[in-house]
Amino acid sequence: MNKRGFASDNNSGIHPAILEAIQNVNIGHVAGYGDDIYTQNAINEFKKIFGNEIEVFFVFNGTGANILSITSSTNSFNSVICAATAHIFVDECGAPEKASGCKLIPITTKDGKLTPELIKPQLLGFGFEHHSQPKLISISQVTELGTVYEVDEIKAICKLAHQHGMLVHMDGARIANAAVSLNLPFNAFTSDAGIDVLSFGGTKNGMMFGEAVIFFNKELAENAKYIRKQSTQLYSKMRFIAAQFSAYFANDLWKINAAHANKMASVLAGKLVEIGIPITQKVSANGIFAILDDEIRDKLQKEYFFYPWDESNHEVRWMTSFDTAPEDIDSFCKALEKLLNE
Amino acid sequence: MNKRGFASDNNSGIHPAILEAIQNVNIGHVAGYGDDIYTQNAINEFKKIFGNEIEVFFVFNGTGANILSITSSTNSFNSVICAATAHIFVDECGAPEKASGCKLIPITTKDGKLTPELIKPQLLGFGFEHHSQPKLISISQVTELGTVYEVDEIKAICKLAHQHGMLVHMDGARIANAAVSLNLPFNAFTSDAGIDVLSFGGTKNGMMFGEAVIFFNKELAENAKYIRKQSTQLYSKMRFIAAQFSAYFANDLWKINAAHANKMASVLAGKLVEIGIPITQKVSANGIFAILDDEIRDKLQKEYFFYPWDESNHEVRWMTSFDTAPEDIDSFCKALEKLLNE
Amino acid sequence: MNKRGFASDNNSGIHPAILEAIQNVNIGHVAGYGDDIYTQNAINEFKKIFGNEIEVFFVFNGTGANILSITSSTNSFNSVICAATAHIFVDECGAPEKASGCKLIPITTKDGKLTPELIKPQLLGFGFEHHSQPKLISISQVTELGTVYEVDEIKAICKLAHQHGMLVHMDGARIANAAVSLNLPFNAFTSDAGIDVLSFGGTKNGMMFGEAVIFFNKELAENAKYIRKQSTQLYSKMRFIAAQFSAYFANDLWKINAAHANKMASVLAGKLVEIGIPITQKVSANGIFAILDDEIRDKLQKEYFFYPWDESNHEVRWMTSFDTAPEDIDSFCKALEKLLNE
Amino acid sequence: MNKRGFASDNNSGIHPAILEAIQNVNIGHVAGYGDDIYTQNAINEFKKIFGNEIEVFFVFNGTGANILSITSSTNSFNSVICAATAHIFVDECGAPEKASGCKLIPITTKDGKLTPELIKPQLLGFGFEHHSQPKLISISQVTELGTVYEVDEIKAICKLAHQHGMLVHMDGARIANAAVSLNLPFNAFTSDAGIDVLSFGGTKNGMMFGEAVIFFNKELAENAKYIRKQSTQLYSKMRFIAAQFSAYFANDLWKINAAHANKMASVLAGKLVEIGIPITQKVSANGIFAILDDEIRDKLQKEYFFYPWDESNHEVRWMTSFDTAPEDIDSFCKALEKLLNE
């Protein structure tokens, strides 16, 4: 048995219901590349959530989803505005620039969240050929700092974007955790708030692999099938992503999983505060950012692998996931307390 | 139950032993992105086959494997020489050009196989800055026309390439079928024959997804991990590709599956000849190319989905797979005969 | 004094009237990047030729013009169909693939000219996401083999393209030579024949540098100014390209230069035939393709630099230019005859 | 006569000695693309300055030079660190990202100058495949804010870069103005200070067009000729760039021009201070940054075209050039004073 820890929600495995769904569709032959009934069913699940006026494209992973979203929404001479902490800026090894040719403009934030005030100074140079043309604002929900945008915050960003003829992308790698945190249906803070294109993640919340790009602005989807293929993200045996999403939406599995992860984060954060560990960001979903003495950190990492977040600041990150057990938290906190008391 | 047909070997599902292997590693938490024991074990399986002096990178799919292979082996000002029928030229929506910037130079062949004689006229312009610099020759084993290169044929191409300071890539989407066809171990017609980098496929032979890029020329792998990430092909829950490959090599599953598919193709081809259907390419692996009257084709496609290959020539393609049953062949041939006799 | 030869029309210098025009606008300050009266005047010259419904963008060189044309007309998942001898395929070191991401599909021709019959077999896979989507046909006028398309030949290609929702680009690096050869105004075989976008060259016909991209299909020009800048082809002191074009059109300089070059090619070809040198392509403009014994070629190259064209075939290329003098031809032919008689 | 103003040093024309040099080499035929004696001579001029261990490549313009420099020094998965005001970040419409695939990391500075302290926080993630790998630091000399790096400041940046296996590029669009400002030869603050690759500009200081990329780190030049061609920056009639550079270095033309421009900036700045216009950056070369009331600015722009720099700050930019006359300054200041007194 591999020990469960708090390094990342992608260190968890596959929820049993997801694996069962894969097994259930593993019968006989099915046309490849999404031209099958399982894929159609999964798309219909998304239409139940977001309405019929969407286009859905399944891809392998989060970076693939972001690339398809960005490349479908921009020309190479455009710029993409994002938080300096955004996954697309920090954690994708330059995939967005390589694939789209666009310039990424990082904005420093205190909590991972963009605001109209932070964005506005970058909205310049429109029509000036020397300047990358601002076209897309990308926000992460949940942010990479574990915070969650309120609906009104998203609406304000979308309004600003649309006033300037721009578009808004949401990186929803942890969108289920956000929905639970906000206690709102997915559409309330995406399509209804003005988002144009969404990377809808599942892998971090119990799926084996597979994400979806949802185009609320259908014009953007015009060439998405070619872009998906050309960007290496078209899966041949598509039924096995589709079946996962169908299972993910059945019986509210997505919600149960995300609610559990969020709750575990809340519990862990509470214990950390008790122990005296300073928490640096509001714990709204399943991520905890905290200050930890370097020496303690190094010792704790020998028992529990996890990532330093900002070494200059002694900040670390812990993530809970759908399979975090209360006893995992107890063991972790005991190990931490022991080190603190040495 | 979905009917089994002959459209493509990727219309088949997952071999039960592969799915079981996935389930077996679905325990607890494991570090992401390949930094885990399962991935190490799978890499070791490849080292048992090809020796220790290789570098192995797992990716999601065949196009991803080809992109990683090509981009690692070239600069943007290079050209890649391939058969005009090559998957990288015809079936990847321009992914190689987009990702690498290289020019692809297609060569017309009669059987999908390049030869030194066919390649030589393109080996020009070295050092001439106006000309894309020839750098990589890419061959498919099995070819897209179902034929298989002999070892000596591969050696001759590799020798020619290396004499010109060039490299050779093998697209091994169906490499297991080739190994069975040649009755040789994998290394005999890859590393030992001079291949520099190999896309090693599994999805078409019973795996769920996941391919491997094997660098025999380790210098080419220097930046592969960054290229894999930047090209969106780094899987977070890597253990689930790794476990598949371990199961694929255990108990010769790869060989049993490929041998069966090849045998079924041979049986089907035999029956087609009996029925009077002209076969256009030597049936060396699991693909059959045949001439079929357009009207018959259209009617048959209503019962069995399959692809026309060259409409100008009334040529169609049929593929067998690891799960093709003899009765599938019987039913198919009966349906065809019935149409022919109408 | 540098000896005049027949290696290339770009080995010639600047026509005195062009240099004078540069000098004439070298007064005081002028806004950069084309926002000036000289640029406006030059654009108006093009509008006199092609009508007002065009968009004109000046660039530095021919490859820059082709890149702007292609990138403005395609998405990265498109393919561009061209002759296997096309400059964009053979002589631009892969610039089109790198800049546009597109696949180039080379078609073998006997004379450098595409025809509907040659193109049609490549017009497939529309809507099929695995296949690069055919979008642009690019023809060279004059071709790289010195031949010239008739108006009807161009119309037939454009009609075919438009029937398939495709576009046609003309690489007019030697368009003046073509106009003289056809004895037609520029518009007769470009805009009026259905061409969508034109690389209009001047450098090979007496200009110092500078080409123009003319969009007859104005929709394609929507983003051209950004693409020009991003592809490094926006000149700061634009008046110095503009003034050249104005001088080029004044007093029919373009026509006088091209007519002279064409005439000189005709004269040279006549003498070569007399000497007994086989000419391999129809001499319609200012290029001559001929068979020359390798030994003679090597010796002649010591006196006159020129390019072998197809070494497998002992074929060489000679070009005349606006400044070729009759005595240059005499000297060259004498040198050749002397070598032949040795 | 076009009025001389202060919008940009590229609004000026061609120095007569440059134009004369062009005329002087406009004789007969010369091999194209730099394979000629004029090009060799110009390269030798650079070797007199920087020593023999350099590689020199001429290109059309500054963006072309920067693209060649960056693309030769990086892989697509690298990042390039630069000031947030850098031309490569702000004024090239994303050309660096499109051409190289790299991520650009902008750093906010107070004066356009990077420092080790500003750079260090970005030197992280080495070897971590999720992170664009820091590879190149790009500095502008003169900076886009008119300031000039001291030799020791450059050495400190180069030392830091090399300690991390990184490289340093200098964008020397105004390098002559910097040399004059520092009263140092070019090599003192480039090759001798540790710079690896230099964009050496001339267009803004009296040349017609043409820049040079100088590789001090010759390994970086290995593929530069192909990259130059593929990036559309290879000029066919190369002698006409080469002759300009030879004239530029003859009789210290570069120095006379730059010294004049710098002096005129100093004079103008002095008068502006007298008039009561606040200067925001140290005037070290030929650029002046000042605060100007919006209404005054709008009126003044009707007489003299110039650029606002930072509208949020009421900041404007004025540039002097090699041909700025004292009376131009007088007229401009009078016009400004008149508006101020209205």
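Every chain is named by a letter (A, B, C and D) in the order it is written, and numbering of its residues begins at 1.
Following the convention adopted for this analysis, a contact is a pair of C-beta atoms (placed from the backbone, for glycine too) under 8 Å apart; a residue touches a chain by one contact, two chains touch by 3 or more.
All of these numbers come straight from a predicted model, not from anything done at the bench.
Q: Comparing centres built from CA atoms, which chain ends up most distant from chain C?
A: The chain lying farthest from chain C is A.
Q: Look at the interfaces B-D and B-C and say which one is made up of more C-beta pairs in contact.
A: Looking at contacts between chains, B-C has the larger number.
Q: Between chain B and chain D, tell me the centre distance in angstrom, where each centre is the average of that chain's C-alpha atoms.
A: Going by mean C-alpha positions, chain B sits 50 Å from chain D.
Q: Once you find the CA centre of chain A and the CA centre of chain B, what distance in Å lies between them?
A: 33
Q: Determine the centre-to-centre distance between chain B and chain C, using the mean Cα coordinates as centres, and give it in whole Å.
A: 41
Q: In chain C, which residues are in touch with two or more of the other chains?
A: Correct list: 76-77, 92-94, 98, 101, 129-130, 133, 226, 229-230, 234.
Q: Quick check: in the complex, which residue numbers of chain D touch chain A?
A: Where chain D meets chain A, its residues are 76-79, 89-94, 97-98, 101-106, 121, 124, 129-133, 311-312.
Q: Which bits of chain A are touching chain B when the two form their complex?
A: Per the stated touch rule, the residues are 1-5, 7-8, 10-14, 19, 22-23, 25-32, 60-64, 67, 92-95, 98-99, 203-204, 208-209, 226, 229-237, 239-240, 305, 321, 323.
Q: Using the touch definition up top, name the residues of chain C that touch chain A in the complex.
A: Against chain A, chain C makes touches at 33, 75-77, 101, 129-130, 133, 223, 225-230, 234.
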